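Structures follow.
Look for subunit A in each of the two complexes below; its partner is subunit B in the first and subunit C in the second.
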Partner chain A sequence: MEEKNIKISSGQMYVLLILARIMHTMIFHAKEFKIGTPVMLALVFTTIIESVMSIPLILLLKDGGCDPVSIIAGNGRLAVFVRFLYSAYFLFISAGTLMYFAQFMKAEFNKTATPMAVIIVLTLAAAYCAYLGIEGTARAGTIVLWAFMVLFVVMAAVSEGEFERLNLLPVTLKDTDKILDYAVRDLSSSWWLPMLASMGAYLKNGVGKTVGGYLISKFLILETLMLLVTLVLWNFVGVLGYPMLALGAYAKTVFIQRFDAINMFVWCLNCVIVNGTYLFISAQSFGEGRRKIGVAASSAVAAIGAVVIFLMSLGLNDGVAFVIKLSGIVLLGVIVPLAAVIVKKKRANQE
Partner chain B sequence: MNDDININIYPRLERSIAKIKEIFGESADVNVVKVYVSGVRCAVVTLEAMVSSADLSKMLFAPLMDFNMKNALPEDVFEFISSQGIFSVEQKQIKTFDDISQKLCSGFAVVLVNGIDKGMAYSAQGFSIKSIEESSTEANVKGTKEALSDNLRTSMSLIRRRVKNPLLRFEFVKAGKLSNTELCLVYIEGKTPEKLKKLIRARLKRIKLDLILTTGSVLPFVSENRGAFFSAVSTTERPDVLAAKINEGRIAVLIDGVPYAAVCPTLFIENFQTVDDYEEKPYLAFYQRLIRYAAFFIASFLPGFYVAAAMHHPEVLSRALLLNLIASEESTPFPLVAEMFIVIVMFEILREAGLRLPKAVGGAVSIVGGLVIGDAAVTSGLISAPLLIIIGITATSSFALPSLNAQTTVLRLVGVAAGGMWGFFGMGILITVFLINAAATDCFAVPYTSPIAPFTLKAMRDVLVRVGFKKMQQQEVIIEDLNGAKGDK
Partner chain C sequence: MLKSGVKLVSIICVLAVLLSGCSRLADVRLRLVVHAIGVDIDEEGVYSVSYQVFSSNPPEGGGPVDANKGNVMTYMTYGRTLYEAQKSLELQTGKEVFTGDVELIVLGLGMVGRDVSQVLSYFWSDTDIYMGVNAVFSSGLASDIIGVQLEQGTATTELLNQMIISSVANGTTIPARLIEISNCFEEPGASIVMPVLTAKEADNSKGKEDSDVYDMATGVFENMLIVNKIPTVYVTRDETKGISILTGGKKKYSLTFVADGQRISAGADLSRVSRRIRIDDSGNPVLSVDIRGELTVLDNPTLVDNDIINEAAREDIIRLCREAYDKTVSSYGADVLEIGKLLRKHCNKYYETVKDDISQAIRKTSCEVSVSLKIYENE
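Right after this comes the complex of A and B.
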């Protein structure tokens, strides 16, 4: 009892994963991309694919949390290299999140703070989060998730937008490209797999609950959002860019017309939590090095790393970013856990 | 210093008396009465005003004078005083000068016999103590009016009267190199985890301070949460609250000379619970708690959100309010953030003055500050009226939660800075940072934010809604249930 809980429950892990996904969805800018029934269908396929991809992780963590990297390579050079990959990957994801949030702030609240100020303040707050540890972040995440739920309920309760059923166009063969395009886009956002793998050592038990809960919630949340956007807004999203903001702005009540700032406030809470988690993963992936330089220093190094990668990736092609994200998901979220399962099984057989 | 006095009592009485005087540096409050008991030279040593003269003469001097034995030897006299003739609530044989000094400082009378290298200490405390008074910081309408006392023994009796069971345990630990203060661990055997007791004991023994004069000097040793903004150890001056807390498996530390007990582990939600919640119907308790939660958010964040909305997000405000605000602000010379800081600091000065001054004058300070300065500031155009209303609401709300006063004060000031600089973005960052800090605060593995995060359903019965006592008695919730170690929470 004297020691702090250094492990988190399956529920808390679920919260961290779903918040990361909500963050990504919220800062998704529609641009020319049109949301409609083909996209909703694509989500069914991607959820099935993600379910299959998560099998190695479920097998690895079903008996309680463990670190796949230690299982594969102990503390050798290979382990250092793989940990470095995890660290770099989540710094990249963190930098991307910071960039998208800064862009959102610039587009919607350009007088409130400059993009650089937004990035620095967010990174500092996230580094503090990482320094305090995953338990605190997960507990705070639970409260932020409650705040989200309240926000969504309030939005739904006061909205006067009307549903237009004609917007629900039937899916035809012509939409195949669109379905494939969204399916790949959605899969490249599945970094919950490497997230879960890298935080495996902190999971108490119940990986099945975490994965199942995450996949079902993600599916329901995204489908509901897309249904709402399709029924209520249709092409209006293209004008405002951010589906969430468009949803608020399109509604006719006085409350929702003033909703953007409140929406941003809740996004901001989430952005700190999610980036804090990414930085925590990066910092703890320093492995032995983290112990030597200390928790505060490793969190600071991770924060600096995220800002540096953000600056380096400013002109980065969308295609390259896509490849990095997808490769990371496959390598760190599927192959590494799969290898760990095989090694674990071999050792068990030998014993 | 301890090595000098940790030596055995000398057989020669004069030498022992000289040593005692030397230890106390010829202090004026050391009283030595030399008497002959059946022809054997003895001395009664006390500290001035620490013992009751009446008790001493009845309990000690009368039997000593009555003792009459022909050709009595020092051993006979010592045998008489140690096992036959003198009765005290607490009496103890002592062997060293260290024992003598400790007993004298605790209000004992020490009897030494010439030719014997031992002494006897008799409890005869008679120092004047304050009577039991009403709690001043945890006022209530219907509950008990008794508060813990400065005197440790009185406080112990107040708790014992509420938990009349041998499972209630008091355990003494000494701390303070100079003050030698008695600290008392209070817990219920079987309810408080063994590890918690061991840890607290060990941590209290690690205190190397010279003096222990306040609860504040013990709290950092009880719970070691570096950088925690909220405290996972609370204080209470109510014996009924203390009894309820230890019944949930917590442990309390009483300090001799301090009318407050430190209780740990403490949860954030407990700041919103009062004794009256358990006196009223559950629906009223729910309503009152709701008000307290709202008061916390208003006291901490309203000025920040006001500044953020007015400076960065005017669209959040209604048109009528916005026009009113613009008109008011146009007539004031300072920027909104500066104006807010000035009023907050003014309020803190008034509060501090009201607190430190005698009660009669304290009221006058409120009138001068609240009415005269406030009214004059608005009339002269220095401060806008809406801002003064905001601070009025904030100040009133802060009075609803005295236990979180330190936190709300800091959050208010930082909130104005964050909201003024970066609007709702700044407020969002501030709230998240403090939320994570609170969530990362633990006390003996019990998270400060439980049972909300981590979520423990059965403990939610007394968070916002308080269930009835019939339901409460069906299932007991102890603090160990909240440490997130039992299953999936």
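Right after this comes the complex of A and C.
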């Protein structure tokens, strides 16, 4: 089977990155976590930190795509090991996405098929995306992003609630814990950095605009969502648990009130695209192995791997998951690209 | 080409499976579409739940359901919990209960003195129910409101909601929707005003002894003050109007007052209500409310001087505010004026010291009201 991985533009890369972040926000359960001005302030800090963390990637990919692992270790054992880390990391992220999506489905749409059935179908669809390649997935992602944006704007615009400015409480020193808590949570979901690093080889052109666009979009989407939640929904988010879902629960139009099917449709599409991208990253990280067993087989192996990790991580402690996520972001999203930049510069100097 | 088609069909099939929520199609006759739910409770804590449901029986000889005819039915079930009562309804009717169309929740007078959050949380936890649904009290049994027969066929619940909306427009009630109640009950010292619907049999049967439709004097004639989640005392329409003015909840009010011995009718557009809170020298909060707006004289048959009307209108607004303050803040320490939120936002240090006993702090809060009106004569 011929490899179908064609290079993607920086705009398509942006779509995949922002969809992954939106997916995480969609299935973020607020639990006892209270959204308000301290959290909005924390997002400002994390955006600045993320901007700094992305500098190695911008330097590495400023002139177009390249593979940081090849730059550091060629095709040696170290390269195989680092690729394995990327592969395992994104299988873990994929499994986590599936797990939280399953919880979301169980909590909000309990009349649908059983969560496990939904997960298997979603994984099959995602594996198909991975099989089709990153270019096809990115194209489909563009449609899903538009669908999401329309849904988000419509839900926000027709919200029946009135703005309660008294909910915009001043941030005080007492909120430091809350700010730090959210900042760490947000940073631990910044796997767009390793995502970008692992897909560097598929980029047609420079990545500066992609990173800038991603950080600005993420900041605007999350701040808008948090502002609406704070001003309009307030404690009600705790009832539904999912801030983005709660946004549609108080819309004045009957069309949006009956939003379950529409939301579910866009949520599912996004889950397929995002998981498809994760599986693609995992499968392509097999390296030589992928070429030996074929694209379809490697995608299937990745899909099975994601489901197996999902089943294994069902009882996983939140703290352990957090450490794995954050370690992966620092190692695979910052240190590996930084090392690649240094090696690249050394080679350029030697030449 | 064929390959692409197969791919496309595969994708559609996968998505169709994902949309399994849409596969649970059920004939409308097998669904019990609930429009309104009434909850009464007896002394032993057993719920009597009344459901106003859409009756989908088509007219004799077939054809579409006639919206002008009585197409609602009332069912009554009992249970130790609301869930049990709903299950009982399903068993009684053999139909699947659909609560996604609920437009009104009525609590019976038996709820007075009980924590209503235990009942209302059942509804806001039901993700099918829209969070903008009005919740009201009944002046008697909730089932009296749910079972009320109005002349306009299927639109009974809509008419009841319309009555609430009309009272809101007059400023004589404040709507209590599920989301607002849910948010309020999360605040310390949670207090809220809820409309009270009354359905009394009116003596205007005009001799129609066998008429199924008997007119009821139905509407919102008073309100219920909920203090710390417990329905505590009735609030008059004037007191409610005062609460609404003090919180800046509404802009337009109709006023009727006496000026220079004459009864004057006017419309007030209170477009600017600014509220400030401070801690005075004795360490107690002071709520300052500055109300500015325009007064349009609607009925002034003896041509009373505008300055006199203006002064009388000011006094009337201040009276409404005083009555509201006395009934809620002063008497019951009820935070319907959002004093807790104002303290939390503007006097945060003070709030932190009193938040564990916020009702006392609210009770100690004094209120200053200043009113400034511009007058316009209706031509």
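Quick note on the criterion: the second predicted complex is superposed on the first by the 343 of 351 C-alpha atoms of A that agree within 3 Å, B and C clash if a C-alpha of one lies under 4 Å from a C-alpha of the other, contacts with A are read in each partner's own complex, and residues count from 1 in each chain.
Operating definition for what follows: contacts are C-beta pairs under 8 Å (C-beta built on N, C-alpha and C of every residue); 3 or more make two chains touch, one makes a residue touch a chain.
Keep in mind that what you see is a predicted model, and the values were worked out from it rather than measured.
*Asks:* Look at A:Pro170 in the shared chain and tell me whether it touches subunit B only, subunit C only, both, or neither; answer first, second, both or neither.
*Replies:* second
*Asks:* Using the superposition described at the top, determine whether subunit B or subunit C touches more residues of subunit A.
*Replies:* Higher number of touched subunit A residues: B.
*Asks:* Contacts for A:Ser327 in the overlay, against subunit B (first) and subunit C (second): which applies, first, second, both or neither?
*Replies:* Neither partner.
*Asks:* So, does A:Met264 touch the first partner subunit B, the second partner subunit C, both, or neither?
*Replies:* both
*Asks:* In the overlaid three-chain picture, which partner chain does A:Thr224 touch, first (subunit B) or second (subunit C), both, or neither?
*Replies:* Once the two structures are laid over each other on A, A:Thr224 reaches no partner at all.
*Asks:* Identify the partner contact of A:Arg139: answer first if only subunit B is touched, second if only subunit C is, both if each is, neither if none is.
*Replies:* first
*Asks:* Considering only touches as defined above, state whether A:Glu160 meets subunit B (first), subunit C (second), both or neither.
*Replies:* second
*Asks:* Applying the touch criterion given at the start, work out whether A:Asn75 contacts subunit B, subunit C, both or neither, answering first, second, both or neither.
*Replies:* A:Asn75: touches no partner chain.
*Asks:* In the superposed view, which residues of subunit A touch subunit B and also subunit C?
*Replies:* Comparing the two interfaces on subunit A, one with subunit B and one with subunit C, the shared residues are 109, 111-113, 118, 121-122, 125, 128, 257-258, 260-261, 264-265, 268-269.
*Asks:* What residues of subunit A sit close enough to touch subunit C in their complex?
*Replies:* Answer in residue numbers: 108-109, 111-113, 118, 121-122, 124-125, 128, 160-161, 166-170, 172, 174, 233-236, 238-240, 249-250, 252, 257-258, 260-261, 264-265, 268-269.
*Asks:* Flag every residue of subunit C that touches subunit A in the complex, lowest number first.
*Replies:* Residues 10-11, 14-15, 17-22, 24, 100, 124-125, 127, 130-132, 179, 182-183, 186-187, 338, 341-342, 344-345, 348, 352 of subunit C touch subunit A in their complex.
*Asks:* Given the complex with subunit B, which residues does subunit A contribute to the contact?
*Replies:* 1-5, 9-12, 105, 109, 111-113, 117-118, 121-122, 125, 128-129, 132-133, 135-140, 142-144, 204-206, 209, 254, 257-258, 260-262, 264-269, 272-273, 276
*Asks:* What residues on subunit B touch subunit A, complex-wise?
*Replies:* Answer in residue numbers: 193, 195-196, 199, 309, 312-313, 315-318, 421-429, 431-433, 435-442, 444-445, 447, 449, 452-455, 480, 483-485, 487-489.
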